[in-house]
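We just call them A, B, C, D, E, F and G in the order they show up, numbering each chain from 1.
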Amino acid sequence: MAIAPPDAIPNPTVPLSLGGEARLAEFARLKKARQRREALIEGLLLLAASVSVLTTVGIVYILIRESISFFSHVPLWDFLTDTQWTPLFDDAHFGIWVLMSGTLTSSLVALAVAIPLGTVIAIYLSEFAGHKTRETLKPLLELLSGVPTIIYGFFALLVVTPLLQKIFPELPGFNVLSAGLVMGVMIIPYVASLSEDAMRAVPMSLREGSYAMGSTRFQTAVNVVVPAAFSGIASAYILGISRAVGETMILAVAAGMQPTLTFNPMEPAATITSFIVQVALGDLPHGSIGYQTIFAAGLSLMLLTLCFNLAGYWLRKRFREAY
Amino acid sequence: MTDKHLSTQFDAELSAVSTRVLEMGGLVEQQVALAVESLVSMSEERAAEVLQTERRVNQLELDIDRDLSSIIARRQPTARDLRLLIGISKTIGNLERVGDEAARVARTVQRLIGGSSHGLAFPTAQLNLEAQLATASLRRALDAFARLDVDQALEVIKQDNRIDAEFDGLLRTLITYMMEDPRTISASIDLVFVAKALERVGDHAKNLAEQVVYVVKGADIRHTPLEGLDSAVQ
Amino acid sequence: MTDKHLSTQFDAELSAVSTRVLEMGGLVEQQVALAVESLVSMSEERAAEVLQTERRVNQLELDIDRDLSSIIARRQPTARDLRLLIGISKTIGNLERVGDEAARVARTVQRLIGGSSHGLAFPTAQLNLEAQLATASLRRALDAFARLDVDQALEVIKQDNRIDAEFDGLLRTLITYMMEDPRTISASIDLVFVAKALERVGDHAKNLAEQVVYVVKGADIRHTPLEGLDSAVQ
Amino acid sequence: MPSTITLPQNPPPLKAESKNLDFYYGDFKALKGINMPVYENKVTALIGPSGCGKSTFLRCFNRMHDLYPGHRYDGSIHLYPDEVDVLHKSVDPIEVRMRISMVFQKPNPFPKSIFENVAYGLKVRGERNRSVLEDKVEAALKGAALWNEVKDRLDDLAVNMSGGQQQRLCIARALATDPEIILFDEPTSALDPIATGSIEELVGEIKQKVTVLIVTHNMQQAARVSDYTAYMYLGELMEFGETNDIFMKPKRKETEDYITGRFG
Amino acid sequence: MPSTITLPQNPPPLKAESKNLDFYYGDFKALKGINMPVYENKVTALIGPSGCGKSTFLRCFNRMHDLYPGHRYDGSIHLYPDEVDVLHKSVDPIEVRMRISMVFQKPNPFPKSIFENVAYGLKVRGERNRSVLEDKVEAALKGAALWNEVKDRLDDLAVNMSGGQQQRLCIARALATDPEIILFDEPTSALDPIATGSIEELVGEIKQKVTVLIVTHNMQQAARVSDYTAYMYLGELMEFGETNDIFMKPKRKETEDYITGRFG
Amino acid sequence: MNAKKTLAIRTVIRRARRYDTLVALLGLLALSIGIFTLAALFIDMAITGIPRLNSEFFLNFPSRRPAEAGILSSWVGSILVMMVTAFVAVPLGIAGAIYLEEYARKNWVTDVIEINITNLAGVPSIIYGLLALGLFVYTFKLGQSILTAGLTLALLILPIVITATREALRSIPQHIREAAYACGASQWQVVQHHLLKYSTPGILTGVIIGMSRAIGETAPIITIGALTFIAFLPPAPGQLNVETGQAAGLFDWLWSPFTVMPIQIFNWTSRPDPRFHENAAAAAFVLVLMTLSMNAIAIWLRYRLRKNIKW
Amino acid sequence: AQAQVVKIDGSSTVFPITEGVAEDFQKAKKGAVKVTVGISGTGGGFKKFCRGETDISNASRPILAKEMADCKAAGVEYFELPVAFDALTVVINPRNAWLKQITVAELKAIWEPAAQGKVTRWNQVNPAWPDAPIKLFGAGADSGTFDYFTEAINGKSKASRGDFTASEDDNVLVQGVSSDINAIGYFGYAYYAENQGKLKALPIVNPKGQAVAPSEAAVLAGSYEPLSRPIFIYVNAKSLAKPEVKEFVEYMMKHSAKIAKEVKYVPLPAKAYTTGLDHLNKGKKGTVFGGKNEVGVTIEELMAREAAL
């Protein structure tokens, strides 16, 4: 038995038949040109990628710059604790919670509609509906998100609110409920479509495994598909939440723009976004403290969406699809 | 793997075959012993018994061979496993031939009994000795096979000379007998074949032993002269 | 597959082995013929030639056997391929033994030449006839193997009886010789072994033929009585 | 072309039997008049070139095709002893699947704990009693030769196990519900020889309790694990017989060509 | 544990050689001091249990690991005759890949036409002349025994071919650029025995022109196609030698246990 | 299997099946809520708006007289702005996505960028308007032009394009990349020859989703100062100016004032005269149809391109 | 190819008038002059105006001190030209039968900051009114309308209770008031004029004690007090050098009256327009308000004042 130390392996004797010198020289030539081109392209791509970062930097810069001068007038403490929001009034109060409550309430109402309905629709489309049904209904549903939101606003105000008033005669003409409900419907496609994608992406083999055990569709969906697609579904929810929080026109039109600190959806309320759009369209002199409030509000909104996105990021990391 | 499951099925099949080989070996050994006994005691029944066993041995050869090819077809044996299967195949061939020799002896006995050479004096002791040597060799070879014991197998191979020498001696004795009394020629020729058969048993035992070496060491030492043996086995 | 690529490598390996088997068969056949010739012409050289060839045959057996196990280890042969490999393995064993028988004859010739029985009259014609029968049988069996021709193989098997009958006749003749002149006993015994060897060649040819049937039909007809043959092959 | 079916001399009791089974994917006829017995407590292997319909045939037994649109069964598969035709319209596929389990090509454990995976079939069958579940899970894991490896981490996620372990888990999952037949569709093609060996052992052992039908691309695997082998070609059953015969003495030229690799 | 390396009596010329090769995935040392010769115009098979590092080792030869972060090579792989160390920092991986082609486990043709697939490597090397391309594509397809099947549909999408054809196409793609070595990583594990057979034939043929390094899970495949076999275990090279010896008379107990399936 | 066991199993199955029915019904109900809303919206718009949809509506400029008012300047404006948006966002988004997905090292910086992009997608559009006002209008002095609007919307949909492109890139199996690299391709060749081609359907989907969003955006355009009344079209390249006798340059339209559909709609809805509300409905109907047809084109393209891409 | 463009931006209130003028002017000039009108609110409009980006700024309130400073800093000088009256209209639900008129004091009681959260029922304002909740609708806190209304009623610009439904879009307010019997709201006259079927305008008791409902006549007569206000355009003095701007402004002064009527605003007395043109020609730059909003000034009074930059 010959146990050879590595260097006892003999060196080659026959020179390489293919190529040889010329071939290697050719490779070397190609290499130079290639490396230069690659470096240039990478630089260009990096430049493009930095645009989105620059956008954020720009946004943050503008928001913070204006907010700084805002907070030099309004103590942060007041901003966070005051229970009134009347920045444009003579007796100005800057309690962001008032707008936050509107934003959160309207979002909650919307999500209370969008998440259950969206999820059920996703389950239905992915696990129950036939191929044809899915292929027709899904694009149709996605159209819901293509309708300009201002149209939803008037729909909420002119159609949904009167309908609701038949059920709750006490309901004011402007209320978070109706705006939230319509917003929920508008968000359904985001939740449903993305969740459905995530569920579709669950490999058929997992489903087959479950059916082969004698499960029904429902059991398969609940026990296998939804857990497997959880991170995708969570992303869909997060996107839905972001949409709800950032939605402007529906609330501006139908929710009443009334800055009161309330979590009651049956009342009118103002949200951060509707406040911003209101001011942006208005007659306020630029540079006034009233005008700066929209930046402070915008900053709060950004922080809020950032929180949700961070949560979503964490969720996705934590529950990566593992099948 | 914590559960020791692996390949147990294959191992089970292998050991089932090995068992049958040993069974065949046992039968053949017994056959040879019986044949010698029948010769020494000129017993018709014993001879018949030997021929009886012969059929079982033949059947075993066929069965084991079929099992072997089925195992090869189904499991992809390599290395020692494959060598074992090939070794077994050659072993049962040898065993069957040992059985044949025993049967030959038995048939000779039958002829002797039926013939006229009744009161003849035979070199029984010498025949008996050769028979002892042959069966011992066979037993030791089978033993070596059962335990895949290379040392014992080599022993068997080296001792084959002794049987050959014994056979030569016996042959000379028989020729002397024949020359002394030409009436015994016919019977003596029969005995010559018996002696030859016993010598062949020894040869087969040696072949068995060679297979043991092949199985364990992967070295095919057939046709290797005795001197070269030890180095070939390294 | 349009390109007819499939398994050609395996087929190439198989046919390489088959070729060597036929080569071995040719060698052995030649060996037997030479041995008989050396006997008839009492030629020292021929006998030496036989023994010379014997070494090549042995080497071939070892080589082919190694190739066979390597093929089995590497390709997972099944069905006819596997049977062919197994058949070849048994065939070369038989061929080697034919070679042994030829060598035995050659060694006897050497002994006879060296011995004192020079001027003896031998039943040469009868020996020759048996030799012819045996070699013919062997050649036909090898031929059947080369062409995997079952009918011819069966023919060979059925004809084995004739050689056996010839051997019996020869044996009786030799006994007569011995009785007539006890001095020839020693030489005659040698001739008895020669005859026996030739008879064994016939047996081995029959074994070869049985392997052909096994390879082609998958039916193992060893130990099958002649009557049962045709039905077993169906 | 009629199939060459060599029934054993003393056939064991029948567990199932396909009779004149045709199967269509839309307009494409993937199975053509398959007649084949499945013997109780035996392993039957389905072999044949890719696309010959092995998987399709196997998946008829538990009506897996029902999950996809455009399928059609003709003929029948009878399940013994009650002789119900599993393909019949009136027969609930879920009921069929409760009697006939399946193990797939790629191990497909659910993204749940090991325990939950094995207990899944039982839960689907309405079993809620924790101690019963525990007992059955343990028995199934033992049956799948996995118990010793996982008994201390039953609550770990199944997807964190090795491929071979996952496949044994899937077998345990299938075993847990005491099925009458287990279908295996190339259960080891994603595994290495060691893991493959352990799965094959397992198949050899579980056949004492259930009937096994296995599709495999690996000829030797079919030869190793099965008692009966069926060779399929272009949607037809070419030859069926005892495994030893099929591999040592196939009746048909096509079968021989296939198993010796001279096909095509 | 030192590797048992049995060099052939009259070694053929060396094509490549790994010297004291360590490889790390992050902190995990996947290869441990591998010394192994690769002989010119021979097929060398890498076998070993799953996760032993076969693929990792193979992918060192064409620096495939460079595509992923966190890798680290230690030691060297010399390519002869120019003795360049393909793992050296100063060596451009692309240059290495131009000399060493690879065929993967799953056939992975580009979703382009058959012609474009085969011509791809040439295009990357700057070849634009249509007639040169056509000639080389034809030669490569012939070399991969695919020409007759596809010559009339070179513009069809490659992905519409059968699995076996796709894999042969990938071999043609690798062949088209006259590589010095072709690496195969379990090239047949996704194929049926027929397709497998044709790929194996092919490997047997192309070794007349190139050196082949092949990873396989299928012991018999290694035995069938290779001239040399290396058995790896836990990132180490356990035994290297001529294939016949490894399969009939392995030197090490571990190798024998593995090839006879008694591992573990 | 004995009869008792069969019965027991059937009971279990029947019970389990009940949930199937329930969920199917719930799903249909939920779906119909969505679809019904959409239909209600659409029909409402159609009923109010369709009577206004004649050729004049498309060919007239806005007017204080509802019956004469049309959407010529706004639909032309919308299309031009979309062109700029697409022209900027698509290459930038794709290039950025390629960098992030294929070139950037996977480390915390990439993580931050990833969060940043998801977060950007959630930033209310009006904040983009504020950014654009400060950046494009005041810093770069691009004025209240089509260019500014296009750039603003491009920034707005950039995250969408990037995310969609990254998804599309990610869905290309790694083995395709490995195959290309193993052929000796350089990184850019891999991108150029393979990744870009195979991700086209996914990118297109992303682009069109982004564009559908952009085309309906109101708030940021208002912030940067889109006009509401504009009774002329941007100069077509080469068009002669009657006054100066000069031909318009190839890119002059980029600097032209403009208005877009949503602004026109927004303006009309806030008019006191209810007849303007009909105009608004008609314009909204047109806008929705525009979105619809963009989606239809996307679906068709996706289908056509996907046909040739299989792994 | 510098086309001749007149750039106008600013208040949404003034927009309909400017738009109408622009439309007619362009037609009259056969497209030789292009006019663009934007809506960025009075504040947004001034921001651009004071950077010299627009030629004309629409304004529903006078320029404020801060904006004046901006303009000064940028060297922008301007003319202030009233173009019409807007009569802020207090409206109630038409089904509201018990409310016939309202005094400024009552309005103040309802709208003053101190009323926030306290004055929630009608009978708290006037015991004669029923014990029903008050539903309040008002202009967005950033609009000129809101500034004017708070100044006129509460005596201080931007001093208002906060718990009312505010909207930039007056149609939204129309909708709100028309759907709630207990509602009261205020917005520009045009929205009332177009929705007379859905709303009821509440006569306001003016300082002279007369209850006057909003109408063209009442505004012109100066009896709809204190809720009628003038609306303006501001013209950049430098732009006036451009003939097309000058021509446009002149055209506007001539045709505003007609167009204001068409879009349901109250035109100024004819003399006011000619005076405006006069100021222009005489170079009477600047504002007459001194950077503050004012209520209840008549147009004559304004025209007579001395403007300052």
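Here is the rule we go by: a residue touches a chain if its C-beta (ideal position, glycine included) is under 8 Å from a C-beta of that chain, and two chains touch if they have at least 3 such contacts.
Which protein is which chain? UniProt says A = Phosphate transport system permease protein; B, C = Phosphate-specific transport system accessory protein PhoU; D, E = Phosphate ABC transporter ATP-binding protein; F = Phosphate transport system permease protein PstA.
The structure presented is a predicted model; accordingly, all values stated were derived computationally and were not measured.
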Each chain counted as touching subunit A and subunit C at once: D, E
Length of the shortest touching-chain route, subunit B through to subunit F: 2
Maximum inter-chain contact count - chain pair: A-F
Taking each chain's C-alpha mean as its centre, the one farthest from subunit E: G
Intercentroid distance (Cα basis), subunit E paired with subunit A, Å: 45
For subunit B paired with subunit C, centre-to-centre distance based on mean C-alpha positions, whole Å: 21
Euclidean distance of C-alpha centroids - subunit D vs subunit G, Å: 83
Distance from the mean Cα position of subunit G to that of subunit F, given in whole angstrom: 37
For subunit C, residues that touch 2 or more chains besides their own: 1, 6-7, 10, 66, 69, 73, 76-79, 82-83
Multi-chain contact residues (two or more partners), subunit D: 94-95, 98, 124-125, 194, 197, 219-220, 223, 247-248, 261, 263-264
Residues of subunit A whose C-beta touches two or more other chains: 34, 214-216, 219, 277, 280-281
In contact (per the touch rule at the top): chain pairs: A-D, A-E, A-F, A-G, B-C, B-D, B-E, C-D, C-E, D-E, D-F, E-F, F-G
Interfacial residue positions of subunit A with respect to subunit F in the complex: 34, 37-38, 41-42, 44-53, 55-56, 58-59, 62-63, 116-118, 120-121, 123-125, 128-129, 137, 139-144, 146-152, 154-155, 159, 182, 185, 188-189, 192, 214-219, 221, 239, 242-243, 245-246, 248-249, 273, 276-277, 280-281, 294-295, 298, 301-302, 305-306, 308-310, 312-313
Touching residues (chain side subunit F, partner subunit G) in the complex: 61-64, 143-144, 222, 225-232, 235, 241-244, 246-249, 252, 257, 267, 269-274, 277
Touching residues on subunit E, where the partner in the complex is subunit A: 2, 4-7, 11, 13-15, 17, 19-20, 35, 37, 40, 80-82, 92, 94-95, 98-99, 125-126, 178, 180, 251
Contacting residues of subunit D [partner subunit C, same complex]: 219-220, 223, 247-250, 256, 259-264
Complex interface listing, subunit F residues touching subunit A: 13, 16-17, 19-20, 22-24, 26-28, 30-31, 33-35, 37-38, 40-41, 44-45, 91-100, 103-104, 111, 113-131, 134-135, 155, 158-159, 162, 186-188, 212, 216, 218-219, 222-223, 262, 265-266, 269, 284, 287-288, 291-292, 295, 299
